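Here come two complexes built around subunit A, the first alongside subunit B, the second alongside subunit C.
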Partner chain A sequence: MGAARYMEKDALPAWLEAVGKSRLVLAPRLQGKSTAFLPFDPSKGVSLKGLATASPKHALIPRHETLMEYQYTKTDQIPPRTGLEVRELIPDQPVLVFGARPCDARGFTVLDRVYDAGAKRDIYYCARRDKTVVATLACTEPADTCFCTRVGGGPDDATGSDIMVTELDQRYILEAVTPRGEAFLLEQQLPDASEFAAKAQACRDAVRAAMPEGESLLDAPDKVEALFNEMPFWDEIAAKCLSCGACSYLCPTCYCFNITDEPKGNKGVRVRSWDNCMSFQFTLEGSGHNPRATKSHRMRNRVGHKFCYYPTLHGGALSCVGCGRCIAHCPVSMDIRSIVSKALVYEKAPKEHTNV
Partner chain B sequence: MSENPGTNLYLPFMATIQEVVQETPNIKTFRVTLNDPEQMRNFRFAPGQVGQLSVFGVGESTFVINSPPTRMGYLQFSVMRVGELTTRLHKLRKGDQIGVRAPLGNSFPIEAMKGKNIVFVGGGIGMAPLRTLLLYMLDNRADYGDISLLYGARSPSDMAFSYELPDWLSRKDMTTVLTVDNGTPDWAHKVGLIPNVLKEMAPPAKDSFAVTCGPPIMIKFTIQALHALGFQDEQIITTLEKRMKCGVGICGRCNIGTQYVCQDGPVFTYAQLRELPNEM
Partner chain C sequence: MASRLEELKAAVRKALPDLDVVIAWAAGPNSLEHTPLFITSEAEIDLMTWDPRCSQNLAGYLPGLRGKKVGIVAKGCDARSITELLQEKLIDRGQLTIFGLHCQGAADPEKIRAVAGCGNEVESAEIADGKLTIVSRKGTCAIGLENGLLAKCFRCTGADAQPCDQFIGEHGAPPALTDAPETALDRLEAMGMEERFRFWEEQMSQCIRCYACRSACPLCVCQDHCAAQSREPHWVDQTDHPREKLMFQAMHALHTAGRCTECGECERACPVGLPIMTMKLALNRQIKTLFDYEAGIDPEKTPPLFQFRETEEHIKERKW
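And then the complex of A and B:
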């Protein structure tokens, strides 16, 4: 096992403030009625109770980021020609994400497989990932909407974390999971916690053992694939969806994006922003043709991506981590668990159905 | 700023428009060269691969490279004026600067097609990707069997590549049939919808590949016509177009199930497409 350190719980704000001198610290903070991972502000503290309303995915894929800036120029030729200069802007800010939950950290590995895929590396993502330390707080009280254990995770799952943080009475025990976490932890002026490691482990084991049993959703890929062209199923599922995108934006694994240019006179920026695959415009083509023509088609793609396409491409790993944010915050109470459960037992209508 | 600019998936090559050809009232062809001579010299691609053209300040969109790799003086893209980006592209002139991210995606199975008869069926701007493959095959004529082309457009003035049609029509080593939906008094070729004319042409399915591209509705009925002529799903090749952003299989726009048209396509056999959700 790697390095282990501890701190008294009430010493956390001072420690985050100290860390904040050399890196951006993103930690959950209550703002109005919701909790989000915001830059740590000593005067506002942290809110580590339960699961934050929004995931910390913006640490790696910001809501809105500048990929490059451009400027049109005039050359010295006579007559002058229009020149063009483009400069890429690669992020280099070190970050500590503190207080992610195991589902959030597992979500980062879902992103890793797509953005850091061997020869195909998204340098914006990779630059952030390399400089981000993820310190994950093991869960103690799963919410009604939590279902991490049904999709391969768990309240103590260290996948995607650099450091696991366990609450032990009045202390936080910090244990390194990755070399990046180890290096970070060794820089900190915190006392050694090796003597507490076994107790922290027992604590996490107890929470895992107490998790309610639930049907595994890991077998979903084949079942969802079998329903590709079963449009009555998707019609029924999609009927009440408003396509508002709350689920996409709160989801720790939704990573679809848009790229747009924002000109200001003869210069400007090319930006990448979060997008929502449930939006009609998402796939709308210039000609007016839309390959995902109806909400049912878009729902099929959304559920299909998480429970069939992604796992097919990535060794069976679902692109759902069971955080339940999409369930807790859906304005019309859609529940991805029951959608997938329905797919698992769905009997196709006997009559041949076409969906052209 | 990055130490290795070449490693940024989103950073285009800077390129210069060398020539603009007005093909039809709403299609223009752009011949471009990369500004860095070394990048231009080292540029390699295969017929069917696409590129993203950037007009900074407006955005990017995907177009097939429709000049063949056997003719590398420039890279050619034909653009139909449809939306915001293509409207802005149409305003550009010789000497203007654009970005090019290419080559992207897969290509036509030119090895598997060797020795086979090839039937091209192109509709409207869908002729552009077929042109690449057609010219490539004409430049390697001995490698392929009979070559026939059915090219259709709405009206005679909507036929792109009109300056090449006399050559294609007169060549002894290929058969060319042109059709339009709406004829004019001086139109000397077919009048009729592509799938119907294709059935009249009745190219034999044996030892053949059909390659088709055009609007989704045309592809749908062309595939039906090919089936009626005895073509199997494995013998029907199409190249798809989708709205794309990243061009590298990430952004989630162009996928049909597990297949990203920008990366795993744009070229698919109909047999491959039948395995996917119906999202043409």
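And then the complex of A and C:
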């Protein structure tokens, strides 16, 4: 590991305020009844207890963003000709995400594989990613719904983080993980923490050792794929699903979007906004046909994408980081862990019985 | 409580052979809130549970199961939704078997979590002698009902499921609750128009637009064909602006005006805890004043906005 710095816990708000002068600071804040990563406001503070209700993925893929502005013009010629002016809006705001959890940061790498994929680079995403520093707070008290260790992560996992923050008594120890994190940390007026690095490591190791055990879900791809045509399985799983988008929108790895032109007279904007595969409209075709007409088909897609299609395309990496938000905040308490566990042991009905 | 559950299980076991599915509750991953259970085989009956944690209204699943023979376990307020669905002919009484219960009150996970040490790994929840007793691995705590029940319990119009085909246990009165907490509607009514607007702007800025409120609403029957998601006409744009999200809430409230039974599913489902039933409560007050009508109470009545009368008793337009 590279540079290490520390600060007293009490000094955090002042530090975030100082950082906020040169970049947008997104940190968890309790707002009403939920916690979300919001622009840091010294008068409102931060809320670093547990896992925020919503993930910080909007730092890289905002709930909605204007991709471009357009305007139709008419020339004075007779007959007049219609012209079109288009202006793209590339983000250039530097950002610090402070207080992401290891699952959240790992989620950013799930997005990277899609939006920053060699020749297929999404310029909007990459512009944000290059200017975003992710400072992740190692976990100390996993919730009932946490299962990061079953999907390849952990309460101390540094994947996707630029800086790892560890709580050590009354201090935060900040350790650089990437060159971007190193450069950012060296700019900060904070005392050196090299002497605490070993202690911080021991702290993180202790939390990892205390994580409840559970079967690994890394081998799910083949089992989930084998169930593709097993609709009775998905019908049973999806019976109680309401087909809302709470799971997808709170998820740190769901990255699907919709694109809409929002016109106002001769002007307008092209908007990219979050979309989710639990919605009927997600695959509704112009003809009126919908290949995923029922919630069972849509549930199969959600689970299949995370535990089969994505890992098949991306070297085995799941697109689930085990944060458990979809379990904790589902209106009907769907549990993706138990769905995948069921898939792992599901025995297909013999063919001759399927039509009975 | 346990004997009620056994009685309920026995009734379901007896009826199941003639039904396609029975909708009940089972323990789920959240130990403060039970999850829906769809029973299609006898083995699943043993997963059933019944206690104050059965807060979800299961009636919302009924329109989607039309055409099947469905059994449903219902509390008093759930039965109001069923009545309203029957009034609107969205479900068929002949296909439905209702297992009715007397509800002592539905637990509010959020309120209980706010009481220290009561939120995690809950093993049982029981209401007796005006207290909600929560037993968790960390210990036992008894909470006054005012501090442990959902806001809708303060407006309970009947704790016994009615209509029902089989009533389990004994009939009883709604939970005795005093000191109803101040609601968002109370606060809004004390505000001026500008302040109300700012209130909604702030609330809607937190909305993630997941439509859980709509998906959970037993009376939102358009579901997959919601006007909020139509591209043509484009009533609501796709930006994250509070204005658009408030527009959707206004649509939801107006589409359920005079139909909403105040079951609270919209607020229970909201992952960020917004007070979105408030608009529906406000409209219901108007409906009560104008038409002297409450949704889901009398199966023989026609909802006021489903009919046209030349003169309305409480609307004196000729005297304007």
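To be clear about the criterion, the second predicted complex is superposed on the first by the 350 of 356 C-alpha atoms of A that agree within 3 Å, B and C clash if a C-alpha of one lies under 4 Å from a C-alpha of the other, contacts with A are read in each partner's own complex, and residues count from 1 in each chain.
Everything below uses one rule, namely that a contact is a pair of C-beta atoms (placed from the backbone, for glycine too) under 8 Å apart; a residue touches a chain by one contact, two chains touch by 3 or more.
These numbers come from a predicted model, not from an experiment.
Trainee: Consider subunit A as the common anchor and indicate whether subunit B and subunit C clash or fit when overlaid.
Mentor: Because the two structures are overlaid on the shared chain, the partners are seen to fit without clashing.
Trainee: Please indicate which partner A:S43 is in contact with in the superposed arrangement: first for subunit B, second for subunit C, both, or neither.
Mentor: Touch partners of A:S43: none, neither subunit B nor subunit C.
Trainee: Between subunit B and subunit C, whom does A:Q170 touch in the aligned arrangement: first, second, both, or neither?
Mentor: Neither subunit B nor subunit C is touched by A:Q170.
Trainee: Identify the partner contact of A:E285: answer first if only subunit B is touched, second if only subunit C is, both if each is, neither if none is.
Mentor: In the superposed model, A:E285 contacts subunit B only, not subunit C.
Trainee: Of the two partners subunit B and subunit C, which one touches more residues belonging to subunit A?
Mentor: Touched residues of subunit A are more numerous for B.
Trainee: Using the touch definition from the top, say if A:T260 reaches subunit B (first), subunit C (second), both or neither.
Mentor: A:T260 contacts both subunit B and subunit C.
Trainee: For A:Y115, decide between first (touching subunit B), second (touching subunit C), both and neither.
Mentor: A:Y115 sits against subunit B, while subunit C stays out of touch.
Trainee: In the superposed arrangement, which partner chain does A:G32 touch: subunit B (first), subunit C (second), both, or neither?
Mentor: Once the two structures are laid over each other on A, A:G32 reaches subunit C alone.
Trainee: Which of the two partners, first being subunit B and second being subunit C, lies in contact with A:G245: first, second, both, or neither?
Mentor: It touches subunit C, and subunit B stays clear.
Trainee: Taking the superposed arrangement, what is the smallest distance in Å from a C-alpha atom of subunit B to one of subunit C?
Mentor: 6
Trainee: If I apply the document's touch criterion, which positions on subunit A are contacted by subunit B in one structure and by subunit C in the other?
Mentor: 258, 260
Trainee: Show me the residue ranges of subunit A that touch subunit B in the complex, using the header's touch definition.
Mentor: Per the touch definition, subunit A meets subunit B at residues 67-68, 70, 72, 81-84, 86-90, 114-115, 120-124, 228-229, 255-261, 263, 268, 270, 272, 275, 277, 282-287, 289, 291-292, 297, 300-301, 304-305, 308-309, 312-313, 355-356.
Trainee: Within their complex, state which residues of subunit B touch subunit A.
Mentor: The contact residues of subunit B facing subunit A are 1-2, 5, 7-12, 14, 56-61, 82-86, 95-97, 99, 215-216, 220, 241-243, 245-246, 248-258, 276-280.
Trainee: Okay, in this complex, where on subunit A does subunit C touch?
Mentor: 31-34, 36, 53-54, 62-64, 144-145, 236, 239-240, 242-246, 248-250, 258, 260, 262, 271, 273-274, 276, 279-281, 327-329, 331-335, 337-338
Trainee: For subunit C, which residues are in contact with subunit A within the complex?
Mentor: Per the stated touch rule, the residues are 28-31, 33-38, 56, 60-61, 110, 120-121, 203, 206, 208-212, 214-216, 223-225, 229, 231, 237-240, 265, 268-269, 271-274.
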